[in-house]
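Before any comments, here is the structure.
Chain nomenclature is as follows: A, B, C, D, E and F, assigned in order of appearance, with residue numbering initiated at 1 for each chain independently.
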Amino acid sequence: MRLQHATWQEVEAYLQHKRGVIVPIGSTEQHGPTGLLGTDAICPEVIAWELGKRHEVLVAPTQNLGMAQHHLAFPGTISLRPTTLIAVLRDTIESLAGHGFRHILFLNGHGGNIATLSAAFAEVYAERSMRRGGEPAAPLHLSTHNWFAGPRVRKLAESLYGDAEGTHATASEIALSWYAHPESIKQAELTPRVAPRGSAGCDADEFRRRFPDGRMGSDPALASIEQGQQLFEAGVMDCWEAYRAFIDTV
Amino acid sequence: MRLQHATWQEVEAYLQHKRGVIVPIGSTEQHGPTGLLGTDAICPEVIAWELGKRHEVLVAPTQNLGMAQHHLAFPGTISLRPTTLIAVLRDTIESLAGHGFRHILFLNGHGGNIATLSAAFAEVYAERSMRRGGEPAAPLHLSTHNWFAGPRVRKLAESLYGDAEGTHATASEIALSWYAHPESIKQAELTPRVAPRGSAGCDADEFRRRFPDGRMGSDPALASIEQGQQLFEAGVMDCWEAYRAFIDTV
Amino acid sequence: MRLQHATWQEVEAYLQHKRGVIVPIGSTEQHGPTGLLGTDAICPEVIAWELGKRHEVLVAPTQNLGMAQHHLAFPGTISLRPTTLIAVLRDTIESLAGHGFRHILFLNGHGGNIATLSAAFAEVYAERSMRRGGEPAAPLHLSTHNWFAGPRVRKLAESLYGDAEGTHATASEIALSWYAHPESIKQAELTPRVAPRGSAGCDADEFRRRFPDGRMGSDPALASIEQGQQLFEAGVMDCWEAYRAFIDTV
Amino acid sequence: MRLQHATWQEVEAYLQHKRGVIVPIGSTEQHGPTGLLGTDAICPEVIAWELGKRHEVLVAPTQNLGMAQHHLAFPGTISLRPTTLIAVLRDTIESLAGHGFRHILFLNGHGGNIATLSAAFAEVYAERSMRRGGEPAAPLHLSTHNWFAGPRVRKLAESLYGDAEGTHATASEIALSWYAHPESIKQAELTPRVAPRGSAGCDADEFRRRFPDGRMGSDPALASIEQGQQLFEAGVMDCWEAYRAFIDTV
Amino acid sequence: MRLQHATWQEVEAYLQHKRGVIVPIGSTEQHGPTGLLGTDAICPEVIAWELGKRHEVLVAPTQNLGMAQHHLAFPGTISLRPTTLIAVLRDTIESLAGHGFRHILFLNGHGGNIATLSAAFAEVYAERSMRRGGEPAAPLHLSTHNWFAGPRVRKLAESLYGDAEGTHATASEIALSWYAHPESIKQAELTPRVAPRGSAGCDADEFRRRFPDGRMGSDPALASIEQGQQLFEAGVMDCWEAYRAFIDTV
Amino acid sequence: MRLQHATWQEVEAYLQHKRGVIVPIGSTEQHGPTGLLGTDAICPEVIAWELGKRHEVLVAPTQNLGMAQHHLAFPGTISLRPTTLIAVLRDTIESLAGHGFRHILFLNGHGGNIATLSAAFAEVYAERSMRRGGEPAAPLHLSTHNWFAGPRVRKLAESLYGDAEGTHATASEIALSWYAHPESIKQAELTPRVAPRGSAGCDADEFRRRFPDGRMGSDPALASIEQGQQLFEAGVMDCWEAYRAFIDTV
């Protein structure tokens, strides 16, 4: 069930017997000459929507903007500062917790969001921990699942691409985004075929110097729609497993 | 052209001859017993995407969360604080302006966002105005167009619904959202048919007391998909007109 | 009754039977070659003080600084950033609400404050709406009345100045400020007589380029002290009407 | 010259030969059974206006709200948080410095503002000190003069009231406020005549417990309008001396 | 060389030929019945000081407070909110970068700091990436090394304690802190010997419920001073290796 | 008792009969050619630790960074912005108050911290004063003692150094830091012997222009270890007296 396509009464009814929700979170950032700027949002979104259909879990609207400062030297990238993203996540979590949601899983498509998600969870918890006293707050469980790091996805990406999977504009995320949006497949020559490796811990000018076409260690020319479908199935299964383990947390 | 479905080189090419971009912005908030929680994002998004197709204007990802604090007593609503939304808009604008965009139009679907959008524009401008000196900053034009307030849309809504259009969960936005997502049409009894009128300037508990099922002055049972299509066409034309007038600003 | 000229016991006594308060809010910004930098504060202040005398309503101290970033290229302008003004208004409202005030009307003299006032109200309400639970907060009504937009004032300005009223350094606000401070009337040649029209949605350098002497669409040479007195009477009646309607809100 | 009563061209002309400005800053807080809530703003304001008249120094609008959290248990008090006041002062200083003012003297009427004024100056300087590089910023001198702590005022208060001067709702500030606003003189029985002494470093509930009628160590019944006039003259001379020494700083 | 024990001229001389600096960062939080509240600061500090002695690398003062909100239900814990810690790290980095330091390594003793350190680095870089234009900023390299995660330390802890190492109040950190402060060794009965395992992603009340005496999965009774010395040597070698690899980054 | 060297159970036991704690706070800033960058932290730390030993008062970890923006033009200085330091102090105080501490004394070694400490206390109190209602908060006493301003220390410094004590890099703080760290005594020629006097109220570039080698009005060549010991004894007695008077506050 997509929250955006539900009425408030449907959410109220859902809350009678379930307390979990999935929030897809991505980024809007360059993904090399053939990757879509929306790749990191598209991938978790398509998986989350499928979970919503298959398993009747509620899926909140996608957070399309993430922490992408290092990609800002490439046109089209839009980034939030970490402190801005923390505020967005805090307000999102407080809104959902106010309705009675107790398990909020962020289904993440961007490595650059991981630290800020974790800091945001701590910011929410810190508010509770510093104002202790009175009756204890209702339990609140917050977690991140990176779709690209699930065991089935990892294994499949390894078998399909080996080292050419890379770490940004990866072959597997390109494949999944093509499966989700076959009308938007792009062709471009990739030189070199496998992009240079290195660290993304730097500012935008330095990042572009290190990674001239935006890719990090990947050869997305290996990707295909069929592989995208396989990755989609693997991703749905990984994420469902992660979600089920998560909502059993007490 | 949807920015999320483009590559960075495509955006770079676009910037060779155009400097305008449209950013759909909505909200995730209750829209009465038959309206979708995502109505305010769905409506500007579907119009913006059509503008992208018809007129080759670039459309940034939709800002799905807005300023909806007064709806928080209804399950499913997710709100940002005004100061959080200002930070999101500031980072979005600074990112886009850094790439060379000079006209950024926010295509808005939620009355509750208008003041904060305006305050956010002033926050961005204030940073420039307070740090004057050195060479002047590149010109930057920021504006909001509310799809529901364009002349064709207003006239059509008036003729279709008269006073029963209302001011929240309006007949026209319900109709447009049904046109965009016919698979998500909801049925529910509306009592009373036309919801009470009043002001939304209050907190969430007070809002729910004033407007028990969430609607404000509207009878969305009047809506139909066909009307939604008419409103869609009117909205596309209104917004295109607004955008063209905007990008002529120098 | 002016709050600054009262003792705390007098305020305590007032709160035994009344719960409303008026807060004048202006700006310190250029008003063209003949307008005072304090015009936007002086106008609502003089009206508010008269209301305090005639109707025994409590009037808080004037907020002399507003959101005036677009005027910063003219010497003497002092602006708060929107986020700063939100913080000031939040603290002011929380202070007054803590004493038991339930209806707080901001009597505003500056168009550029309107959006930020609205965002500030939402910021205060959001804090309540996000922390729901426990016993509900006491009701709190917040509103803005722009003295220049009341029906009597609008009608009078239209009849006196027509199109030459303008939108900044207007003939009517100059007239009212002269009535309030006849000792500070200024003379200067205005070229052209009626200033150019346009939008104030830009930064300070751009604003000065658009409006070289600071006026927007106005011919304040039409103003006189006698008109100022008429506008004063109209403003006092408009504002009292607005205040009375406001405090009847429950 | 009062900035609020000047045009931007008059300020521009002033800046041709002078670079100093005085900003009166007070507070809106209880001053015991006979003191006005506006005392701390009224006192520096009346002195500053006189300096403007006698010595043609520019006087910015009064900051009517200060840091008065400890007085919030008394009706009518309005306080800014220290971080809010820092933001207000930062924006004020940046606005004035942008016009070319180089010496900004805050003429202060409230002991509770002193630390925050100092922190705000450091916040402004820190922005410069942390972003060093490029051409150095124009010199900027910031200072606070507390009217009540000038040598002539201190000596006079000592001779008039001795220990009964006290530290809040002092006899001398009551006298000066009466001189400034003889129409607002209040009468009330003071029990005990000399209020208890102690520290204001606590929250509002604790402050009211320590100082039941709001006064700290003072007997304002000793005050008279005549003494107010003497204090006014002493204050004007002290402040002018402080200002002249200040603007000689290079 | 410890920065706190150097003069500014000594730092100036150091910067003639070196551009790297180590900043120890810990936390002040409970470490079970036998662990010191300062364990997480003591461990990286003692390693950093040794590196300073052996290798003449500059060591900044220790950041004693970290992100420890989940430990706040145990007396003595002091935590910063993540957004506060981001501000502290931003100011620290900007101060050091302003002097010409180009490689800043945070030697970290607390797992709960890792995400916030990473978010803080991104906050600093984002400021640069969003304000691009003009001449590029000087290169700035930021990194975290967790002393407890170096290869030699991991291997040694595994061989000494196996699964009883745990994840908080670990046997290895207790051993190292005892080596550093043998005068502060504590004795207490640990029940159960090996503490329960689980996640620290929760607020303080929940954390204490999960981990009643504060330890997570560890048996610190296995620790000894001799092992602490071995861990110290392993840590010094790991950290030096990490630092040397880091300062070779260009 | 040093908090960093205690277990949480030891702090719990301490809180059974005592509610006071001392927090040393310094700065990391240049102290002239012979003074250590850590002087301002070292001095209160060594005194606080002695108090912990002699009188069994709990001593929290030292806040090594303070408000030192004016020293940033000298290599090695690290400064927090005032608003950052306020956030650090707020989190520290809230953490300690949450455990039941009621008297928190900051033992300060840096004049530049005094205003920000005071503003931070007011920030904490303001949160309580603005959210009044419900049951009153537990009493909380916050205070600063500047070790260098105690009566015994002042008298001793006067007798030892007279006017050559100065106001930064003072003879007395250099002497105390040498007593604390005799292994770090530095020798350098001081020209002129007694440094120029003046105000530190400016930014970093201006400060360095005024005070070329960093000292303000002092001749630290007068200092000796023996005097450092005398100052240490005087400081311990002054601080203990201040602490005892403080914890008697109710």
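The rule we apply is simple: contacts are C-beta pairs under 8 Å (C-beta built on N, C-alpha and C of every residue); 3 or more make two chains touch, one makes a residue touch a chain.
As the structure is a prediction and not an experimental result, all values here were calculated from the model.
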Those chains that touch chain D and also touch chain A are B, C, E, F
Hey, what angle do you get rotating chain B onto chain C on C-alpha, to the nearest 5 degrees? 180
Same-site or different-site touching of chain A by its copy chain E, using the half cut: same
Selected interface, A-C versus E-F, where C-beta contact pairs are more numerous: E-F
Intercentroid distance (Cα basis), chain F paired with chain D, Å: 29
Quick check: how many Å separate the C-alpha centres of chain B and chain E? 46
Just how far, in Å, is the C-alpha centre of chain D from the one of chain C? 24
Where in chain D do residues touch two or more of the other chains? 72, 79, 81, 83, 91, 95, 98, 130, 132
Could you list each pair of chains that touch one another? A-B, A-C, A-E, A-F, B-C, B-D, B-E, C-D, C-F, D-E, D-F, E-F
Per the touch rule, the chain E residues reaching chain B in their complex are 130-133
Chain F contacts chain D in the complex at 67, 69-70, 72-73, 79, 81-83, 86, 112, 114-123, 125-130, 132, 136-137, 139-143, 199, 201-206, 249
Sort out for me which residues of chain B touch chain A in the complex. 2-12, 15, 28, 30-38, 41-42, 60-65, 72, 74-81, 83-84, 87-88, 90-92, 95-96, 98-100, 181, 184, 186, 188, 214
In their shared complex, chain B is touched by residues of chain D numbered 91, 94-95, 98
